[in-house]
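Listed below are the structures to be examined.
Note that subunit A is present in both complexes that follow, paired respectively with subunit B and with subunit C.
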Partner chain A sequence: MQTVEDILKEIRPEFDFAASENFIDDGMLDSYDIVTLVSDLDKAYGISISGLDIVPENFQNIASIQKLLRKYGKP
Partner chain B sequence: MIQPVQNRADLLEALEQVRRAGAGPATNWFATPERIERWIGRNSLFCLPGDRALLILRRDRGFHRVYHSAADLEALSAVLRSLSGPLNAEDVLIADLVGRPQDLEPVIGIYRENGFSEHNCLVRMTRTAAPEEVAEIEPDVEFAGPADVESVVAFLCHLLDPYTDQIPDEDEIREAVALGKLVMVRRDDSLGGLLLFETVGVTSHLRYWYVDDTVRNRGIGARLIRHFFRLTRSSRRWILWVASDNSDAIAKYRHYGFRPDALVDRIMIGRR
Partner chain C sequence: MNLTFSHRRISGLLAVVPANERSFVEDMANFNSPPARSLKLMKVMGYDKHRVVDGPVCASDLVCFGMEHLFASGALARDGCDALIVVTQSPDYIMPPTSSVIQGRLGLKQDMFCLDINQGCAGFLIGLFQAFSLLEQPALRKVALVNVDVMSRKTSPRDRNSYPLIGDAASIAIVERSQDGTAIHANLKMDGTRRDALMIPAGGLRLPCSPETAVMEDDGENNFRAKDNLRMDGSAVFNFVQVEVPPMIRDLLQAAQAGMEDVDYFLFHQPNRFMLHKLADQMNVPYEKMPSNIVELYGNSSGVTIPMAIVHNLRERLLTGSIQACLAGFGVGLTWSSMLMRLGPLDFCELIDYK
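And now, the complex of A and B:
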């Protein structure tokens, strides 16, 4: 199974996401990239992330994305 | 019923209600808080609530931009259908549908079913190469000042398609001037060319880069973009949007290291 880091790397291969605590403020992801990321996470983990969860704070860094995935029962 | 948006909190609450209904990423509403406040301040923002969906309308230069947030495609279709009544017969509606081509097709289908057709298609291009050596000083490139705002707006209005290009208004130009994000070259007391950009963190967005027709092929465009790369040399990513059928512009951007990435903006037009 792809990890969150793998998926982020596919979307924006030029960045070291592990080094950032806030992808949005750091300019590594914009709103359009988040739409792409949600779609990729849905496909990779077989989930459907609710609109209620599509807010910037759930996509700030790797830890916050992993926390969101745990909410959907994914490690 | 279409209602004016009076404050950002009300708008966010309306969007939240849609999200509570289960909305996935079925939206094209990506406005920043600053832009929302500006539009509300000008009384140019309206909304049309539907069942599990919300349309946001923004009055632009003689037409309306349409943004949606919907729980699913059925809800989107229903709220778009309900839009046909309240507007004037001559109203033009423009919707920017942004995403990966394969993800957009179902949404485009809904817009087509509701009387929209394709006006244009933009592709996003990205440059990620390490900054190359650039001249320290481009002698005739200068930062635009407050006195240039009016001529910059006139220059852009003359060159751009308002449906496609999201022409910045005077306040946005003033802000870019204040932040040092607008550079220009003068020719014979008039504007020869300009470049306007935004930077967020490590990403710089090249929004406009134009040279006046009367002074083309004199290296103005090259000096502007070299200056831009110098000003943004700490960035790691540079992005821009370009019409997918503008092969000359795409070739030029490729020359400067930009490559198409996965995103497109399908611009739909509807008339009521």
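And now, the complex of A and C:
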């Protein structure tokens, strides 16, 4: 299974996501990338992230994305 | 607020779209984004084709074309309507009202009510409320409810936030009294404190158009638009829809003492496929009961997407039968509204190209 970092790399291969604490403030993800990321996470993990959870604070860094995935029962 | 009507029906629906079709792939050349990223976004959002006017076509041009089609086909008599309601955010002029322009161009009778409403994505429902209310007057028998927008003319082609999803279109719904006394339930909410989420900053008296308002600016996400153009805060609008729409539908069904299973189709405004699928998932509605194909085939035409969804997806069924429909519109204002009503059988249900 693809890791969160793999998925992020596919969307924006030019960035080192592990080195950032805030993807949005660091200009690594814009609102369109978040939409793409949600769609890719949905497919990769067989879930549907609720529209209510699609807010910037859930996509700030790898830890916040992993925390969101745990809400949907995914490691 | 909750609203209830009865003895009202939509007796016919016509949608008019410009023949000029653009594709997302054509538009991509204008965006300051690598093609691979744009193509990925296209798949997720459901962008593909959209119909936009070619040249200085105005709202009244689309509507007059559609009304003349109805007159010529015998679906409507030229003196057959007692009221003309035009819902648009892209009027021909600041004044006079576009409804008066259409009345004059078509040579409609003087003994009628012409009214413009400045509304967008919830405009089909707002228009229906007005049409239903006008029919309280015995002098009115038939109301033509027109939804029309040519927003492509106010949208920057370099704004991938808005341009690829914008579609121009008009719809004409004929609204009449009905023998059927079944309640039509509806609700409506508005929040003007969030009005900046969808706006065209310049062009009114607050900020008249000038060379300064025509200057293109970067929104920080590589979208270039001027103050003369449509400005949409996509994240704020997405969040608004996800937060407000599901409870609105729950309230509507509760007021109607109906369940989700009683609804044949959820015919919602169509901003993009991703947003609608997230709504459907949240509400546990199968995608096939909530059509999301209008934005990818024709574009998002504000208040016209609901009638377009009906005409494109349900034409054959509604010419002979009927469905229980849950309609919902949400957008500029901000405004959100829904309605549970029986649709069909319709006297006409058609989509034509404006040439």
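Definition applied: the second predicted complex is superposed on the first by the 75 of 75 C-alpha atoms of A that agree within 3 Å, B and C clash if a C-alpha of one lies under 4 Å from a C-alpha of the other, contacts with A are read in each partner's own complex, and residues count from 1 in each chain.
The definition used in the following text is that a residue touches a chain if its C-beta (ideal position, glycine included) is under 8 Å from a C-beta of that chain, and two chains touch if they have at least 3 such contacts.
All of these numbers come straight from a predicted model, not from anything done at the bench.
Colleague: Look at where subunit B and subunit C land on subunit A after superposing the complexes, then choose clash or fit.
Modeller: On the shared subunit A, the partners clash.
Colleague: Looking at A:E5, would you say it contacts subunit B, subunit C, both, or neither? Reply first, second, both or neither.
Modeller: Neither: A:E5 stays clear of subunit B and subunit C.
Colleague: Thinking of the overlay built on chain A, is A:T36 touched by subunit B (first), by subunit C (second), by both, or by neither?
Modeller: In the superposition, A:T36 touches subunit B and subunit C alike.
Colleague: Is A:P56 contacted by the first partner subunit B, the second partner subunit C, both or neither?
Modeller: second
Colleague: For A:D25, using the defined touch cut-off, is the partner it touches subunit B, subunit C, both, or neither? Pick first, second, both or neither.
Modeller: First partner only, subunit B.
Colleague: Mind working out whether A:S48 is in touch with subunit B, subunit C, both or neither, as first, second, both or neither?
Modeller: Both partners.
Colleague: Check the contacts made with subunit A and report whether subunit B or subunit C touches more of its residues.
Modeller: More residues of subunit A are touched by B.
Colleague: Running through the overlay: 43-51, 133-141 or 223-231 are the candidate stretches of subunit B; which one clashes with subunit C?
Modeller: Here subunit B runs into subunit C along 43-51, and the other listed stretches stay clear.
Colleague: Pick out the shared contact residues on subunit A: the ones touching subunit B in one complex and subunit C in the other.
Modeller: Subunit A residues touching both partners: 11, 30-32, 35-36, 39, 48, 50-52, 54.
Colleague: If we count contacts the way the header does, which residues on subunit A are in touch with subunit B in the complex?
Modeller: Within the complex, subunit A contacts subunit B at residues 11-15, 24-28, 30-32, 35-36, 38-39, 42, 48-52, 54.
Colleague: Residues of subunit B touching subunit A in their complex?
Modeller: 16, 18-27, 30, 69, 71, 98-100, 103, 124, 128, 199-203, 235-237, 262-263
Colleague: In their shared complex, at which residues does subunit C touch subunit A?
Modeller: 37, 40-41, 44-45, 160, 221-222, 234-235, 238-239, 241-243, 274-275, 278-279, 281-282
Colleague: Could you please specify the touching residues of subunit A with respect to subunit C in the complex?
Modeller: For subunit A paired with subunit C, touching residues are 11, 30-33, 35-36, 39, 48, 50-52, 54-56.
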